[in-house]
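Next come two complexes built around chain A: one with chain B, the other with chain C.
What follows is the complex of A and B.
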């Protein structure tokens, strides 16, 4: 176990190192923040001054070392745009809203897709299976920003049940969470269905039936437990995927104050330090979640040993 | 599962099947059992009018090739055939209860409670994520209402009963920590947990090492005697049949083609198919001649069959064999055969007209 954790820590450091290099290089490729922050009429002297204030006049390697030296201490410098605010501070302020949205969205998606997938798998090619499959295909075919707008029109503007935008209460959370959840639920339902069909065909299920176990107990106690690892793996992947940027459109449509909005704004402004802080923090969270999922494997399956 | 049985003309009051040998109702009587699997190529008639009886404490063996319908017959008894397969006809009377007409709830009480099942591959037949104790206790809880320490205690007892060493600690082990033979012992413990009246063992030793096979068969035999269970033993191994059973039914193409006392059936077979099977057994003493095989393949059960289903592969088939559907007739004491030639000419026909070994069945075919 300890060697496992030590090895995972080493791998994680390599991944973080890679992330730092890639994000540093990409930010330098997307444009020049000094040009964007200055009015078009600014003189060449103003421009040079702005670049040196931002530290962009330094040789690229020097910039990189300054960046890495700060990053290892968690210090990504000030926002290039919002002077005086720490880049990491801005991201940390925004991350709880995004985590809340992703947790609610992916949680809702699992709450929909696991029962739906099991029902469909119970009788493949039955009417119920076909209806569930059709709905799930519709679910993951709809882009979430479009879904978000439809939800606003129907449930916020039309019926007035929820708010069109904002953050804070459960009535704020429902529509954005549904907009995140439905495409995820569509994909996951198909996956749960096929995984469960696989499990239902295994000999241990025939044994359970021959023991007189009821069908609901067979589905949950036997088949679902065996399907839990692949389902959890996909759920974790969906979670990190949403966290790493797929909620941006939903956050923008609902004016959700999360990192997605912050990051998209930072990219438009070429706010290098904020982009770097955001990518770094999200990478750390993704690594932690993956580690938690790997540890859950050992709980779910006695055959899995962490070495 | 909807009730798949329609049995026109069956009169529930006049259903007392009586075993002529004992004059009493047998433990299990199966009449005209039919199970079908709808496929794209047509309706696959896996079991096509199978009838047999098993008395209390008796052992019936069912032999046949893969696909002859022996496993499906056994699963059909308690409607365990996986959809889309379904039992479409016949009657299964067990302890006075019509199992094909029983509700799902009543059937669940029979499964694992009154009829225990042991399957072919012990390594995959146990749930890999549950301890063997939990899997045993699941049955004990469902049928006997045992919980907690009482269930655990009984589970340990059962594991000892099937001769698993250190049962107190192994009860907490997972199937992957067990060998194939040990897993099969656990399966047997689960099957006998509620003192069933009938144990169905579907190829219980096929997936095991030869050395383990003997141990498992001996265990089954001991437990059967001790618990006075009836045993339905399904196998393709004639040696196992000879060793374990009093009566045997031979299945081919979804039908029973011969039944009889095991010694008579193996010694003086009255069906060309059974006789051919016997000739195909390898012997340890004969290491020089080539192994015999039966030429051709079993018929496609999705198609309508006319005449004897074995006729196309039978070395002694005559025109009569393909002209009419054979019936099971009693040709000797408790010994029935659906072989048209044997029905006309008797035992000598089957013995004389098939090679005694060494040659090739293929050479004499047709």
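What follows is the complex of A and C.
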């Protein structure tokens, strides 16, 4: 167990090092923040002064060492636009909103896909199975920003049930959570269905049936229990995937004040320090979640050993 | 049987969250009007949506329209502009007069207080000036104020401002300079909880969501009609439009012409954006080296057609200069180059110059579409145009390439935030970065005008400079698009020529 943790931590450090290099290089490829903060008509002298004020007149290697030295302490410097605010602080205060959206969205997706997948798997090629499969294909084929707009037009403007955008109450949360959930639910329903079909064809199911165990009990207590590990793996993957950037479009469309919205703004403003802090923090969260999922395997399946 | 009912429970449990969501939806739809988002809010409240969170609420630190949307209503400047004519009006200053060529005397309005009770006086003004010009503040507004060298208190209501040379633009610069309370500005709250002398007081800033303001009942000027103001952050223009339709909003800016018919109400005003194409490379052997070719480009472009087809007519053709008619420096004698394809062809005299035209997409309303139309119109006159639409960051770098690497032509929009011709005209002086065109006479005229404090003499210089630029044509003059605002049916408001959103100028039906 300890060797497993040590190996995973060492592996995580390598990943974080790679993330730091990539994010440093890519932010410097997307343009010059000094030009963007100044009016297009500013003089060359104004521009050079602005560059030095942003610390961008330093040699690139010097900038990189300052960046790495700060990063190991979790200090990414000040926002280039909001002098005086720590870049990491700006990101951290947006994390709860994104977590709320991702938990609600992926939670809703699991609440839809597990029962739907089981129902479809119980009678493959039945009418119910075909309907569920069709809906799930539609779910993961629709781009989430388009789905988001349709949800706003129908349920906020047309029916007036929810707010078009914003944050704070359940009526703000529902539409963005559905926009995150439907594509995820589409993928997961397909996965639950095929995993459950596999389980239903195994000998222990036949044994259980011969003993007279009811069909729902077979599905939930026996088959679902065994299918739990792959389903959990996929669920975790969906969760980290949403956190790592798939909610950006949803956050922007619904004006959700999470890290996705912050990141998209920071990219438009070429606010290097905020982009770097954002990517770094999200990378850490993803690594931690993956570690937790690995540890959960041992709980779900005693045969899994951490070595 | 009993075992079967028990084991269906997990199914039902799994369905609970969905049922909960449906319940929440139905339950709240029964309530008459939502309040959190602002719709159906009590009378006297206005919700304005901007595209991004303010980067800071320090009024002197950055150059950010979202920050100004808030602080233009909390802080005040020494000089104001009339929203309909752009003429100067007294703000916190009652008068500003030239004492000697490099000193302006400012007389302050008496009995004005910040909302924390501190007095607005000469000390506050001196501090406000000293702070913003201090390099340590790293203010991004310095390019608007870089001629100011200092401020000195004469008496409690008089301040002398000094400039690095005679500066006719100083009153325009003072429309940018917000006056702050010296004591409060040194506290940690200053950048997040603004305190000014203006018609509105700060209430709350929810990062990434909204800033709320309330009317300042002790305001020295005309009291605002609307009590509560919320400035919401909604990045996506389509969402803003839907929020407007759902009565969650009263106002949003930067609507595109196609979306106007969907908004409950709209208003338009001329923007400060001047769309243009720099004929940037005029060196020998290059297509735009001779004046006739540059003028041919002017005649080839149907400016009226651009406005009609892309902007639904919401804009104005530039009057042969990148200066709007309410800005200092506007030359009333110039008329736009007519759209005359035959004249363009005559000027080209059978030549088919191959030009590379660079632009960007997404920063300005219909920027890419405008450029594509211009490219195709140039093509009809005989130019062979290679159009290169670049990502914004790359485009900015291309715009400022050194002279020996300049592309033939590059699209840009000049935004003259000071509503003054100096900045637009300075773009084409010798040594400017935008064009390699260098005309000594023109450069002398522009440089002389910027140190001529007599308004009439300065205007004479600008009339000569703009006429020369028009004739020589280093810039392909295009259009001045309108700002388009989407409004709720109940909002009464007329947009301003300087683009400021002042809630004190709004009322509700």
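Keep in mind that, in the parts below, the second predicted complex is superposed on the first by the 307 of 307 C-alpha atoms of A that agree within 3 Å, B and C clash if a C-alpha of one lies under 4 Å from a C-alpha of the other, contacts with A are read in each partner's own complex, and residues count from 1 in each chain.
FYI, contacts are C-beta pairs under 8 Å (C-beta built on N, C-alpha and C of every residue); 3 or more make two chains touch, one makes a residue touch a chain.
All values derive from a computational prediction rather than experimental measurement.
Q: Tell me which of chain B and chain C touches more residues of chain A.
A: C
Q: Would you check which partner chain A:214 touches, where first means chain B only, second means chain C only, and both and neither mean what they say?
A: A:214: touches chain B and chain C.
Q: Looking at A:226 after the superposition, I want to know if it touches chain B, chain C, both of them or none. Which is it: first, second, both, neither?
A: A:226 contacts chain B only, not chain C.
Q: After lining up the shared chain so the two structures overlap, which partner does A:123 touch, if you call chain B first and chain C second: first, second, both or neither?
A: In the superposed model, A:123 contacts chain B only, not chain C.
Q: Just checking: does A:262 make contact with chain B only, chain C only, both, or neither of them? Give me first, second, both or neither.
A: second
Q: Go through the superposed model and pick first if A:83 touches only chain B, second if only chain C, both, or neither.
A: In the superposed model, A:83 contacts chain C only, not chain B.
Q: Thinking of the overlay built on chain A, is A:31 touched by chain B (first), by chain C (second), by both, or by neither?
A: A:31 sits against chain C, while chain B stays out of touch.
Q: Contacts for A:7 in the overlay, against chain B (first) and chain C (second): which applies, first, second, both or neither?
A: neither
Q: Find the residues of chain A that appear in the contact set with chain B and again in the contact set with chain C.
A: 214, 221
Q: Which of the residues in chain C end up touching chain A in this complex?
A: Residue list for chain C touching chain A: 3-4, 7-8, 10-11, 14-18, 21, 24-26, 28-29, 34, 36-37, 52-53, 55-56, 58, 61-64, 135, 138, 140, 142-143, 146, 191, 206-210, 232-236, 238-239, 242-243, 245-246, 248, 391-394, 396-397, 399-400, 412-417, 423-424, 426-427, 432-433.
Q: Which residues of chain A touch chain C in the complex?
A: 30-32, 35-44, 46-47, 49-50, 53, 79, 81-85, 90, 93-94, 97, 107-108, 111-112, 114-115, 149, 152-153, 155-157, 159-172, 174, 177-178, 214, 216-217, 220-221, 252-255, 257-258, 261-262, 264-265, 268-270
Q: Contact residues on chain A for chain B in the complex?
A: Interface residues on chain A, with respect to chain B: 123, 201-204, 206-214, 221-222, 225-226, 300-303.
Q: Okay, in this complex, where on chain B does chain A touch?
A: For this pair, the touching residues of chain B are 78, 80, 82-83, 107-113, 116-117, 119, 121, 124-130, 138-139, 142-143, 174, 176, 187, 190.
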